[in-house]
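Naming follows writing order (A, B, C, D, E and F), and every chain is counted from residue 1.
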């Protein structure tokens, strides 16, 4: 597959997963943004075997426990809603992180979730 | 709910999720093992909203990216199989961690997966 | 011990350790806040063997070196004062973290300490 | 204070805290070992305000939650015993880490503790 | 070498590396700031074998991947420019971190770089 | 650029950087290994602006401070030698990590370095 088509494929997948928020993340990032489109979305998110919903469950959990990734967590909570997670399920993912990484990162993630503007409630 | 029933409930959930491997983890750990049973399994894993399969997707991803948790990763790969994940899906979870935490922790997790003795294949 | 009494016990311990700041942390957090009360305070902080002062020495050190936990660090610096630590001792805990996690997380913790409003000086 | 005296002071403090295990750690490390003696022990551990017992409470908690520092954790569990902690208190420090960093790092630390050869029980 | 000369030597090295930004970091930090001058700059940055440019390549990479060290990253991007790195080279260091720690910490570092006021463009 | 040529380009770069050790790392890793070749080496290491020597300075520093990446650290110490670093310079990179991440990860990295079999001394 040519690079152009990896980029195009990644851009479509990014829009499917993150909506406009994804474009806003990558636009000002130059080559780094291009690799996010080509590699993260054109290569990885475009794979089969796990659904987008399952990929976002993993991603929200990872971003929560690693800590200090609140801007990315905000984007991926929106992405989670786009691919079929409910706010209650996102809250549940955060609760699932507690036995593995403790309360502080879960509290920080919960504040990101509570401050999120959900489309209609 | 009384503590005794939280412990009993947790022990049943632990067996459902981890099989014998779970018992072997908690047995030598004293009070720490008791909290794993009561809190991690009696409280958290016993909740609704996410399936056990989805909880293990999150858990395998978290343990991979945090690094240095190989013994727990080994137990939860077995747990993942118990609750319906295939080896291919576990490999896919590891691949999904790469954009969020890079290759080294994914390589370490893949070696844990490759060295795992799967029941019949 | 029934869950109700774990919650009640945890709430009393939380007030003893964190004062009002603790209540403000857990109130908006739903089930996550309930687990903080029941498990972190009802189970763990209510144990013997270490004093509350010693538990906060460990906690301030942990929150400093893990990084990205500044909101929790602020709460536990207040908690440290509540259970008998002086501002000088909290500064000393931060200095003790340097050989184990380097200067950046210690600097961040020191700024949290310096910006803390101490009751009367 | 001249460097020679910082080194000499650090070496005495290292022996007081870690016993022979400390010397064995620094001996093969060249300049890195010298900085451990001069800075970690000559400067930091030689300060007042916190007791050596309190410094080891902080250190064991930090090394536990950071993960992947098992060799240092082993040395500092021995150090903790040297400066007055009991095995039960070290176990309690590990339990205190759970609300802040979850079960996996606590389990790993507990295995280090359980495999430790204590002088006479 | 006497402590006074370590401090003086460190202060000169700090000015060489960080310019005024370095002084502003250490001034309000008390003994912690003194150790930054004496140990980080008087001892470590004053060593031979690697150039200051190479030390800042390592430092910017480390601060990026550890996450949550944005204030220090900002100071060391300025330091990198002081010792001969170009903004393009700093961007390249950030891109080099992606295979080792993933996109989120690289994105956060890139935002610090993009918001940096460079002396003349 | 077509995928085939990214893979071919990455494989050449991998051989240039890591020698045989690189091939041994990626061979058993399936798609994960393919992404290491295509993305890490075909895309990132093949870029200009920083030399391979400078990229390995950054990489050895990152792998040291993140902790728990000892297998990758071993490979990249060999890679560092391949692209022109001396054992003394690698030791110096490890020493440079101390102010940013403390002694334990530096000690672990130093043990990896000391156990490394260097070609002829």
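Quick notes
Convention: a contact is a pair of C-beta atoms (placed from the backbone, for glycine too) under 8 Å apart; a residue touches a chain by one contact, two chains touch by 3 or more.
For reference, the UniProt names are A, B, C, D, E, F = Carboxymuconolactone decarboxylase family protein.
The model shown is predicted, which means the values in this text are computed figures rather than measured ones.
Any chain that touches chain E and also touches chain F is listed here: A, B, C, D. Set side by side, D-E and A-E show the greater C-beta contact count at A-E. Centre-to-centre separation between chain D and chain F, using Cα means, comes to 31 Å. Each chain gets a centre from the mean of its Cα atoms; for chain C and chain D, those two points are 22 Å apart. Here the spacing of chain C and chain F, counted between their Cα centres, is 39 Å. Shown for chain B are the residues that touch two or more other chains, namely 35-36, 39-40, 44, 63, 66-68, 91, 95, 98-101, 103-104. Chain-to-chain contact here is organised exhaustively, every possible pair of chains being in touch.
Contact residues on chain A toward chain D in their complex (touch as defined above): 98-104. Only residues 25, 28-32, 35-36, 40, 63, 66-69, 71-72 of chain F touch chain B when the two sit together in their complex. For chain B in complex with chain A, the residues that touch the partner chain are 36, 39-40, 44, 47, 49-50, 54-55, 57-63, 65-66, 88-89, 91-93, 95-101. By the touch criterion given at the top, residues 67-68, 91, 94-95, 98, 103-108, 110, 114 of chain D touch chain B in their complex. By the touch criterion given at the top, residues 1-3, 6, 35, 39, 43-44 of chain B touch chain C in their complex.
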